[in-house]
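Next, two complexes with subunit A in common: one pairs it with subunit B, the other with subunit C.
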Partner chain A sequence: MITLIRSKDGTIKTFSPRPFEGYNLALGESIELVDTTFEEFAQRFVVSCMGVSGETLSVKQGSPDLIVNITAPGQSTVDVDINGSIETLTPIDGGFQVVLSTDVPGVFVIQPADRKKFCAAGQGLLVIEVNP
Partner chain B sequence: MSKVIKKNGKFILEPDAKNLARAERAADKERLNQKLSDEQLRAILQRILDRLAALEG
Partner chain C sequence: MTYPLSSDVSSGQPTASAHYNNLRKDALYLGQSPTDSLTLGAYFSRHAANIKLEYLATNRVRVVYNPYHPAAVMVGGCMLKATANIDLPAGYFTGAASLFYIHAVRTAGSTTFTLGANTTPVESDISRVIGTCYWDGTSLSNIISFYPTDGFPQASYDSGWFACAYNNTYTLTHNLSGVPRLVILLHSTDAAGTSELIPVYAVYGDSATKGNIGFTSSLIYVVAANGSTQGCVYSFRRSSGSGYYRVLAWL
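Right, the complex of A and B next:
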């Protein structure tokens, strides 16, 4: 059994590996118990690039294109949010992929578009810095 | 956060003034060793102002 903490707008803010009765909720937040394991829930939406997941990846401007892999077991399509732009992905070799160009410096933030279904924390969110 | 555009199947960051100015910083230093036109000077000043605005923001 794990605990989901939902924000006022219903999006998943975070999750905890056990029933967590002592959580000090902010205004409008709610708690939901889900019958699964922490590991299973954490694997529902995983973003990775070059083997990196759950931490910021830094690359040099002009590096080869970046292949971002997304796994979402059991999903036939998945909506991903790339810097606020929503893209519906179809599976490639059992997973989902996005290609990013490193031609322009800046920051990519890749996360699930449906934040009520998936949590954009831990391995569910990837930040990629493209440095000049 | 920069916006992205999709081009030829790839997502590309839209250049913003701050990053464009930063990318020119080394070249701008080199340019100061040359005789510059008014237009070139205005461009350098604009990039300095863009970077200052990013610092203040």
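Right, the complex of A and C next:
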């Protein structure tokens, strides 16, 4: 059994294997208990690129295109939010992929579009910075 | 005063009362006057050492055995020492949320001890409080030993890993009975905490790098700043706007 903390808007803020008594809710936040393991829930939506997830990936402008991998076991499609734009992905080789160009410096924030279903924290959110 | 007071007795030599009394004084008071010293038994009556209390699934506790630092405790004047792990039997933690006191319990005919748990700290001739833990009604947490092994002690509070993302504040209830003296925030890139662990001292947001932890007698605040690239951890080892946090606190 794990604990989900939902923000005021219903999106999943965080999840933890510990009981909810250990968490002090902010105004509007709510608690939900889910009958699964912490590790299993953490694998529901994982974004990675070049083997990196859970930390910021820095690349140089003009590097080869970035292949971002998304695993979402059991999903036939996933909607991914890239800097606010939503892309619907279909499976490739059992996972999902999106290709990002490094032509322009800036920051990519990649996370699930449906943040009530998936948690945009942990390994569910990947930030890539393209440096000049 | 000379110590020891007693002296060797030759074979065949009659033992005078002074011999006996000096020997007794040595044994009880290390040769000192009874008006200047407690007896050894009274002096060591509160002795306890090397008691490492650990969580044991499910909802139990264990005194971990270390042959180089075996747990030792004096209970009701009896000197007891562990010779193996000592496990609290199942079923002690039930009912509403409460602080529980862990007792070392002696049994006649044994030189080691067993464990008990109770919501009261009252001791007896056969039981002695050696630590506490918190029962929230379903789970056990904050297991604290009053007489830990030498070296850096186990954390009094451990949040476990939880997912983090930039631009969030996480407020944790530590349930310790005071303001922690030390709080450490760790960052991992994976849920199991198997990646390199980074102690978080600073995060980046609003064009500034700042510390991100605060705490009171009941709460620990962790701020993940709004910088997407370094909002959760900003270090020469790693920067991240996501990942997993774990908070450890010592009372």
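Definition applied: the second predicted complex is superposed on the first by the 131 of 132 C-alpha atoms of A that agree within 3 Å, B and C clash if a C-alpha of one lies under 4 Å from a C-alpha of the other, contacts with A are read in each partner's own complex, and residues count from 1 in each chain.
In this section, a contact is a pair of C-beta atoms (placed from the backbone, for glycine too) under 8 Å apart; a residue touches a chain by one contact, two chains touch by 3 or more.
Quick caveat, the model's predicted, so the values are computed rather than measured.
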Which superposed partner A:45 touches (first subunit B, second subunit C, both, neither): neither
Which superposed partner A:56 touches (first subunit B, second subunit C, both, neither): second
First, second, both or neither for A:82, with subunit B first and subunit C second: first
Touched partner set for A:122, first subunit B, second subunit C, both or neither: second
If touched residues of subunit A are counted for subunit B and for subunit C, the larger one: C
Touching partner for A:65 - first (subunit B), second (subunit C), both, neither: first
Contacts of A:96 with subunit B and subunit C, given as first, second, both or neither: neither
First (subunit B), second (subunit C), both or neither touched by A:109: both
Doubly contacted subunit A residues - partners subunit C and subunit B: 107, 109
Subunit C - residues contacting subunit A, complex: 97, 136-139, 141, 159-166, 168-175, 188-192, 195, 219, 228-230, 233, 238-244
Touch list for subunit A against partner subunit C, complex: 13-19, 21-26, 38-39, 42-43, 52-56, 58, 107, 109, 119-127, 129
Partner subunit B, residues of subunit A touching it in the complex: 61, 65, 82-85, 87, 98-101, 103-109, 130, 132
Touching residues on subunit B, where the partner in the complex is subunit A: 1-4, 6-7, 9-16, 19, 22-23
